[in-house]
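One chain, subunit A, appears in both complexes that follow, with subunit B as partner in the first and subunit C in the second.
Presenting the complex of A and B:
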């Protein structure tokens, strides 16, 4: 049967691709382990020590609590960026008046490395939750706003005309039925970029403030020269970034069919 | 998404008599918006607690003061120096590794997950490790700047190499060129637009690396001014530092955008 044959081929292909991956993992982690055992464990602990460390801080350790507090911050900051970024993106994409008024500031803000604003933000918004949320918000806001803006700006005129012919003539109806659906792929891509940036913003806020969360845990282990725990506490961050980006990529692909219609 | 920044809308042709005033107002609007913003900032800055907020006039005074005293030029020199070294290292290593990964697809498939993992790790959390590996100083700063910029250049170069035009490659092969010549005269020139695209992504990350390194690792440069002045609550001096970084960002992203536009025309000609 054709299906069986293709399944067989897929299996063999998977075996073929797994080989080099295993070999690479063996080389990377093997040389890491060896280097760690021979050298100074404070500079580079062996991978086995990092894994035991990860186990220790996960079960009965401070990692789950720190992760939870980080996720809270991430959620609030990203949700705010999503709401305001989408709203402002629609506004300046749709109305040239809004573009002329806000455009110059947003461009200047976009070019500013957001971490340079960190000390000021915390001075203005306080060292509590608000200041930290603003840091995450600023990190995620721009990709979301700019993608929404370009999606809305390039709304196809022919679709708008067809919509008008079918009686969609209120601005709200146009937005809801034509412009936003057409802009959706770009908007979703903005959300995907934004969530990755939000994870970075979260780490920045926590490392700078040292008031809890993963970033603070990392700084504490670094100050104590516990490099094994330090690396173990760093590991969840790229994982979080990659997993969340993949989730948003999935959602994005789901909406991609608009592109081809 | 084109240049991932906001472009000014084109001014529509307006009917002559009545529309002229309106057209004037519309074209002047960005300028008016800046003026209104500065006035509002000045008023708010004078009303607010001077510890929290500095009006533009005080920021301008601070700028002059920091420049005349030589502190800002010196700091800017430190920041620009590390930016330049990080930039060159990221470009050289990025093109070399990208070429390698582009020419060997199996190697690329195996190595790219590790590169992605490094790319997804926020650089601030690498700071404790960088202190252990490189110490608090020039090379530690360079590492933080470099690692943010090198990845997009690697990935883009690899894509460019993979997308080398097969017709050109075939022509070159039928003329009997060696592998070296093929890379040097066909594949690398074809990848240039991609490298520049990667560079534009890298530019923002390189500059961000300067800020991270100077605030979190080693208190020098313009980032050092921002962080040091924050402990004296000198908002005016802090804002001077932020504005300098912002201007650097505008110049870097703007000039690379222009460069990219130039080379994408070349790329477009190639594929037609």
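Presenting the complex of A and C:
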């Protein structure tokens, strides 16, 4: 009974919060359409033109292929960041020796804006796939590494003692049974932040490092002054960022449920 | 290797010394916690340990559990020296120490899983202990969904899971409200009667110590040494009558209180005069 009532309340709340959203969307898109129709379409094409453009480049157009190629880059870069970020986070969070060896380098790199590194990455890794992967990797790596590091460093001493009392007697056991489960909410939050950054990194890599995927379309349409298609090609980026972040938020909440007291 | 009454002690504490040393901000800290504790704990007895705050009770229990090492001295279980935690000793923690991400049953299975007991067997044994503490309906709950008293019953079930000979309990009911505590004390007594375990039970609560124990070990203020051992001569089972109204209750309680009071007084005087 109680859960039904609260579910009902939640639905009504959702209705209340959706109302303003819809209204805002109506105002924004409405004025955009109007402005586009009276003004210069190269500067600002109306929404309807953008949507038609999106339709055209999606069905029988170049968008799906470009998106797929972008997703490949995103996947490789993010997966590398996830693996290395988690591993290094564990190492420097748990072992002071690792922290002393890697810590200063990581701090210095973290303090350097990724954009400033682009020319270097170009020099070191060239125009190939590797350079682009490195850009995506760098974008996603730090939130993942830092969150893993904090989670592992603050491993609960009392639960480590509980583990020891009940037969956990190896470092691997401590990691698997106590430290990582306790750090999981923070680690997952790092992945969520990381995937959002990775999407940005992907766009930067494909537009500024070497044309590829969505980047090709964006630059092409820009050069041709097809602003309607340009916006249509940019649209998948925020969508991708939002959708992926939401997906990771879901996963994160799944690992977090025991925290809600 | 045998004690005065001719039986081998369950646990022998042989001249246990422990000093904590560490440096922070370039300053050396030296805190002596235990200074030569020698004591025999009998098989199947219920022993309470009482003493002023900071006198080393938790440290002593951790040394018995091999969660900390003594600087000097050793712990013998059934005549054999122990240096690592083992399934024959199980701890019940003051703050429960449940893994919040595990369900109730997985928490209870934990000591079995770490010791490679097959899953079906572990589940069966965990269920048995959960039934014993009356929580079999909460198997799939998570700790945060339970009251403090229920959480500590999970802690107790977990400690019982490996069917240890020895239960080590560090103020297990200290964080539980008074009424629930009384109920838990009774349950613990019943479990102890059923299972025949040796229990080392730390408490701050004089009534609790007298109510539960065969003997009470009174430690001096820190660094802890054995101050006195008090026998509790009250018939069992003790849940069948009003123990506090028994003529033997008040004298024992008074004796321990006198011992503690002197130490507490000395401690307060030291603190107020700033002497050391």
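In the analysis below, the second predicted complex is superposed on the first by the 234 of 261 C-alpha atoms of A that agree within 3 Å, B and C clash if a C-alpha of one lies under 4 Å from a C-alpha of the other, contacts with A are read in each partner's own complex, and residues count from 1 in each chain.
One rule holds in what follows: contacts are C-beta pairs under 8 Å (C-beta built on N, C-alpha and C of every residue); 3 or more make two chains touch, one makes a residue touch a chain.
Just so it is clear, the model here is predicted, and its values are computed rather than measured.
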Partner chain(s) touched by A:149 [first = subunit B, second = subunit C, both, neither]: first
Comparison of subunit B and subunit C by subunit A residues contacted: B
Subunit B versus subunit C as contact partner of A:158, first or second or both or neither: second
Which superposed partner A:167 touches (first subunit B, second subunit C, both, neither): second
Subunit B versus subunit C as contact partner of A:54, first or second or both or neither: neither
Partner chain in contact with A:196 - subunit B first, subunit C second, else both or neither: first
First, second, both or neither for A:242, with subunit B first and subunit C second: first
Partner chain in contact with A:188 - subunit B first, subunit C second, else both or neither: neither
Touch list for subunit A against partner subunit C, complex: 158-159, 161-169, 173, 177-178, 181-182, 184, 255, 257-261
Residues of subunit C that touch subunit A when the two form their complex: 62, 65, 67, 84-85, 87, 90-91, 93, 95, 97, 99-101, 110-111, 114-115, 142-144, 158, 162
Of all residues in subunit B, those that touch subunit A in their complex: 1-2, 4-6, 8-9, 26, 29-30, 33-34, 37, 51-53, 106, 109-111, 114, 116-118, 120-129, 131-133, 204, 207-208, 210-212, 215-216, 223, 226-227, 230, 233, 235, 238-239, 241-242, 245-246, 249-250, 253
Residue ranges of subunit A in contact with subunit B within the complex: 17, 20-21, 23-24, 28, 42-44, 92, 96-97, 99-120, 123-124, 143, 146-147, 149-150, 186, 189, 196, 199-200, 203-204, 207-208, 214-215, 218-219, 221-223, 225, 227, 230-231, 234, 237-238, 241-242, 245
